[in-house]
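The letters A, B, C, D and E name the chains in turn, as written, and every chain counts its residues from 1.
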């Protein structure tokens, strides 16, 4: 096998992304769904860093993007967890299927 | 004369009505406003004729143009020719009569008159606009008042009818819209201006697409077969004045659009599709008449007969001769007055007898001679009795249709002619059952027309007679305008004798 | 040239009566309506007579030929250059003759009605309608333009409708007036299309121009009209035949006659005016008006003559079996008009050939007199008996002597007994037929024999037969002076009109036609007529059972004739079964279910789809995400691989 | 095969396996731990790429912040020891299929694509460089995003407080 | 630095307001009523300021752009927020977290301002999140309602998922082009399959925010569960802002790929209109109903957007202005009814006209405007969108759009019918409305009527675009 490089990293990030997506689709617990989101965001970060390193090291756009994504992830996770806790209080469960009142 | 007045006056009336607190004043304001409008319409006719006799040969008179949406080259462009004036007069007559017959309305009076006036404003605006955008604007402005009039003040399955009407008309206007856009983008300068479009030769490919779109689109408004099905339900569910407006004015918007927009702008398209128009309208004429024969509800009778009569309008347009087109416009005016009167009479009868089923009535001539006499007049007008307007219009169409010398047109004309017999059958059946025969029990104490109803009926009868007895004033008003349209279709005036 | 104003007044005065009485009659002229109407018509009649005098003896004749004068013409509606409806007055011998006939008969009826209709609730309306009718009929006869004729033709139709339906609360009257209107309207369809055909080929609607263009051999219009053909028949023939259909409808020719007997539901004076003397001859007048054009087409003339003769015979046979006296008269009218019609059909144009034309017009003239008289007389009888049925009558000669005498005169006239008016006119007709077509001549001869028979059957049944038992106050049967005067005046006409040298005034080409009297030729018809009279006398003078026996022996035929050869049933079948059930009902059904159904189906389909797809919005956020991803992948695949 | 390569593949394997475990285990705590492992694995990959700063941020924020948050939320909402409910098989298969299709599509496109590459000199991702840029307002400066994120975090904070600190009981 | 104040005037003002609220909240010195008044007046100032001192320019190395049109767009959004602050005054005053709600709303608004002005993908992404995350919290503001938290959960999870997709797309764009700056991007876009893929990812994130089918599924649930104020914010302000930046991105950044995105937009527009309409047909809950109708409206916005011309820009901006008036009026009426009677079903509106004429007329006007019936401004809005879309000559597309207006009219009329025609033995009783609500409704109605007839409003927009 050749030297690990961009494509390998992209493979990893792609795989990570879709593992996250799969988790998001199949997990019924809201917290685990949130975890899947974190996986997705990590895969994206990996992409940015990889592109930054292998293709465009002259600017640090990718790097900064990754940093800001981490910040956003934190904010999003915080709000999401607040909402989940609230949902738990009102529904008594954090199973996603316990909250399907709004439909059609 | 400033044509904006024709739009502003109803607008002002409508706003005044909204501001009034006292419902008793509302109807007087509405009547005053519409009467002023009628006077204005006559004044317009007068000054128009003056201009013409003074040698003003411009196609449109009293033109005026404000830029409205310059970015889209939309301008508030108004102007009138003979056809428009005929239609304006018709509208003015029907509006005054409509307001008079709804004198006793008690439910939500203010809203009722407001909507009526708004509807009339749409019609006036439509007939004077020379910019297709504002024409479309006014065309659509009238849809919702119709919907509300039927839905709130109607009877029977009014909600169904109102919905059907609004949706079908909307469908028609959707087609019109697409057609208009096709025209708009086919001109290099991107114009909605009717005259500019007419003077620019629209490419034949565009005409082939846009003509059917526009014709069918307007045709839906005009009750073109087979897009007429809103007509019977809509007319019969509407309140009296609503039916009068619908059949008398609204359907004419469609026919006017077919003539003024589709046919005038796209002569090649008109030529290509003329045979389809003729087939559809011939079917409508005869089929509508036969369908009428089977109806038992007076309003349905008139509604279906409107389909048949409006078929004549389309037949006249489809024949593409000047005489036939003049006849089509005459028929628009005539049918407008006649059908409005018919609905008014039906409304009067219904108000007293509380039924519209012909087989539940009988011998009404005895108790309400005035109303029934008017019913006779309108029935006779409908079956084309000379001296009344229907005759003039139908004969002009027949003569004009006959000027096409091939078998297809001949056969269509003959089939159309046949309807005069069928019309006679259903009109006489209806009149015979309602007005004649022994008086049905329970109807002995019915009263004859009140002053407002009499006034409305006399007004419309006067209109019918004015056309029926001396048609040439109207004919001379219209035919120069239709001449321009046919000249465009056949630039070398064909040897029609 | 005559003064147009007073000629125009002839039709306009009755119109004025109509407007005045129609609008204000109910309130203001409740009792005086009759006087007003009669007075206006009297003026009108005087003017008509004055016009006739002027035309025939003063300005009408130029170089021995009566001219077609147009003292008044007004452009009413211009269709296209050259093609316009002009309302005008055309004076020529036939129109002037008709002016006189119409105003005179109408005046008689007006006067007669003063008594006959007295006390009717809608008395003013009645006079208004009479005025309208007279106006329309006068407008029709003076028409200068074929479309003007059509206009008045329709107006005549509608006033006839109004008058037949005068007793609007009787269902039978309502049915009759509807039938009359619709049947004639159906015929008018032919007239209208005929007008369209003729106007297209001639390029005009004006009678004079039209006739001139379609008759002068060198005109291009004629050549095109003859050359153009449809279904193997030339356009010219089509045109005139279609026009003739219109005429046949109004004149109750076979098979469009069914309305006429029913039309007797109207007041009897109305029948006298409309359904005997004036309106029903409009068809004859129409053919006469366009006679030069008809004469250009031999097939058309054939049709006219065969329709005429078959109607004459057919109606005569039916008339022999009817028991309602007005219906007998109605069929007799139909039969007589058939005479006029075939007389035109066998006529040629110009000179001696035009004998049929003159004869027809002559018969029209005389027939108006004696038929109006018959109807008015029958009216007097009905007024007295309050029944239309022969079985309720008999022996009335003692009670109503004047009526009896005048009726007898009329019967003799119609039977063609010399020297009464009918003799002369019928003689000429038979002569014309004889010269032209012997088959028609023989049929006509038989028919005239039948005419004498059924008229005297009527006469004897009313005035002789069984003796009348007076009931209550019915002691003297005659109406007042108002009813008797018209009878007497008409009787004079019926007796003496035959002596007018008609050919001098009316002929196919305007020049005087000397009619010679052929004594030997008159023997056969007169003999036949007398035979008919005596047969009737033998059968009906006294009450006996011979008629019943004959009826039984002729069983099937008699029944068929009694039932008017089942024409009404046939029409019922066509209208009810075919038109209503096979066309009207399906049309209404299609509209409800197919056209409307399509619209409703569109709506309900939309609703159904809307209901069906609600599963997409499942409320499951993970499913939303799956759709999201699926959408992304689908779009990506679509735009990367498919839609580049 | 160099040591770096071996480390890379080990890291990769560790990350992916942890990730798969994180989304598939039915014990919620184990899932959180596997998530933690995945995040550490990603951080390891950053280290491997010599992006030390971002690796550090990853560890601090994710491992130190978000994971802890998640674990707290698990404590708040879950009775420990209970197995997570299983998803329906159909959904699982469909999701796997969808995810795989997406993955295949992306990989196909990525491997078919020849990426452009800059020729300019690289900037070392040192802390100093990053810090300068982070607060710079001129070219290559990230002061504006920094400010935006700070307001965003403030807003998120307010939101969390309002939602989580509810006083009234639920009435449904 | 003077330039910074002028170019970022709206942002600075909103930030200032935000901090003012923060301090007040900390100090707890002011009652809700007076606080609301302060907020309202400052929002009004914010609206007005958008028309003055407008300058074209950029800051922070092109990360922040502004010009007249952008300033106008911001003004429209501010106007929307101002109207919301008036419309739901009743609800605000009763809420104990009013200040927080406004802080969240203002930070979302600030995010939108940055988003509209954004000059690169990073700031765009950040501001997009800033415009989303606080809104998710706002959705949960009916704290004692179950559906509110369900809606918030759906919103935050879906938007996190969509952010993931968006970010993946951005990362690919970055990888392919090496830049995240909008200005630099058109030159380096190559239309390669990977680029298209990346674009699809990006596009779908916009589609998610704009509720384009099939990325719309969160919309109705969230709208229904959220409080009225949030729903109207989401449906009007959020949607408007995303539409603005979406359009700018397509026209400026992805101009080289216009063939791809034209087809994409056309396809999705058709699907969106049809689906939105079909779903709206059945709805009973007024919020849900308006949610689906707004999805259909987005389909229309896409028609105008597809034209790729200044006329398209102008018509979209104009439409959003009109849509702001119309939708807010509809929501305002619905909220007024719901807040006093708790009725949110269309069937509950039967006979509304009997006791509430003003509300009924405003509702009818709003619905007619949404349906595109003259003389309301909605007619002009829709017509201009369609006309702009027709300039591409794709008549099939235009016909479908026009025909969709029929279905939409059908369901708008359903509400009108309930209000005006249907009989009800127990109609909604007379509703007392606050002055500020009434004021807002009057402003909306005036806007609905006059924004069309006074053509200079459109001309002003046209001149800027």
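Here, a residue touches a chain if its C-beta (ideal position, glycine included) is under 8 Å from a C-beta of that chain, and two chains touch if they have at least 3 such contacts.
Source: prediction; values computed, not measured.
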item	value
Partner chains that chain C and chain E have in common	A, B, D
Most centrally placed chain, judged by C-alpha centres	B
Centroid-based (C-alpha) most distant chain relative to chain E	C
Between A-D and B-E, the pair joined by more C-beta contacts	A-D
Centroid comparison with chain B (C-alpha atoms), farthest chain	D
Computed distance of Cα centres, chain D from chain B, in Å	70
Geometric centre distance via CA averages, chain E-chain A, whole Å	27
Chain B and chain C, separation of their C-alpha mean positions in angstrom	36
Approximate Å spacing (C-alpha centroids) for the pair chain A, chain C	97
Contacts with two or more other chains, residues of chain C listed in rising order	603, 614, 617, 619, 621-622, 625-626, 629-630, 632, 636, 640
Residues of chain E touching at least two other chains	122, 126, 129, 133, 136-137, 140, 143, 145-146, 152-154, 157, 161, 175, 178, 193, 197, 220-221, 282, 410
Interface hub residues of chain A, defined as touching at least two other chains	17, 20-21, 24-26, 33-34, 50, 55-56, 59, 64, 68, 72, 75-76, 79, 82-84, 86, 90, 96, 100-104
Touching pairs among all chains present in the structure	A-C, A-D, A-E, B-C, B-E, C-D, C-E, D-E
Of all residues in chain B, those that touch chain C in their complex	164, 167-168, 226, 228-230, 232-233, 287, 290-291, 293-295, 304, 321-323, 326, 363, 365-366, 369, 380, 383-387, 391-392, 395-396, 398-400, 402-403, 405, 407, 413-414, 417-418, 420-421, 424-425, 428-429, 432, 435-439, 470-472, 475-476, 479, 496-497
Residue ranges of chain C in contact with chain A within the complex	614, 617-622, 625-626, 629
Complex contacts: residues of chain A adjacent to chain D	1, 3-4, 6-12, 14-23, 25-29, 31-32, 34-36, 38-39, 42, 45-46, 49-50, 52-60, 63-64, 66-68, 70-79, 81-86, 88-90, 94-95
Chain D-touching residues of chain C, taken from the complex the two chains share	622, 626, 629-630, 632-633, 636-637, 640
Chain C - residues contacting chain B, complex	26, 75-80, 82-83, 85, 147, 150-152, 154-155, 158, 165, 168-169, 171, 173-175, 177-178, 181-182, 185-186, 188-189, 192-193, 196-197, 199-200, 203, 230, 579-580, 583-585, 587-588, 590-591, 595-596, 598-599, 603
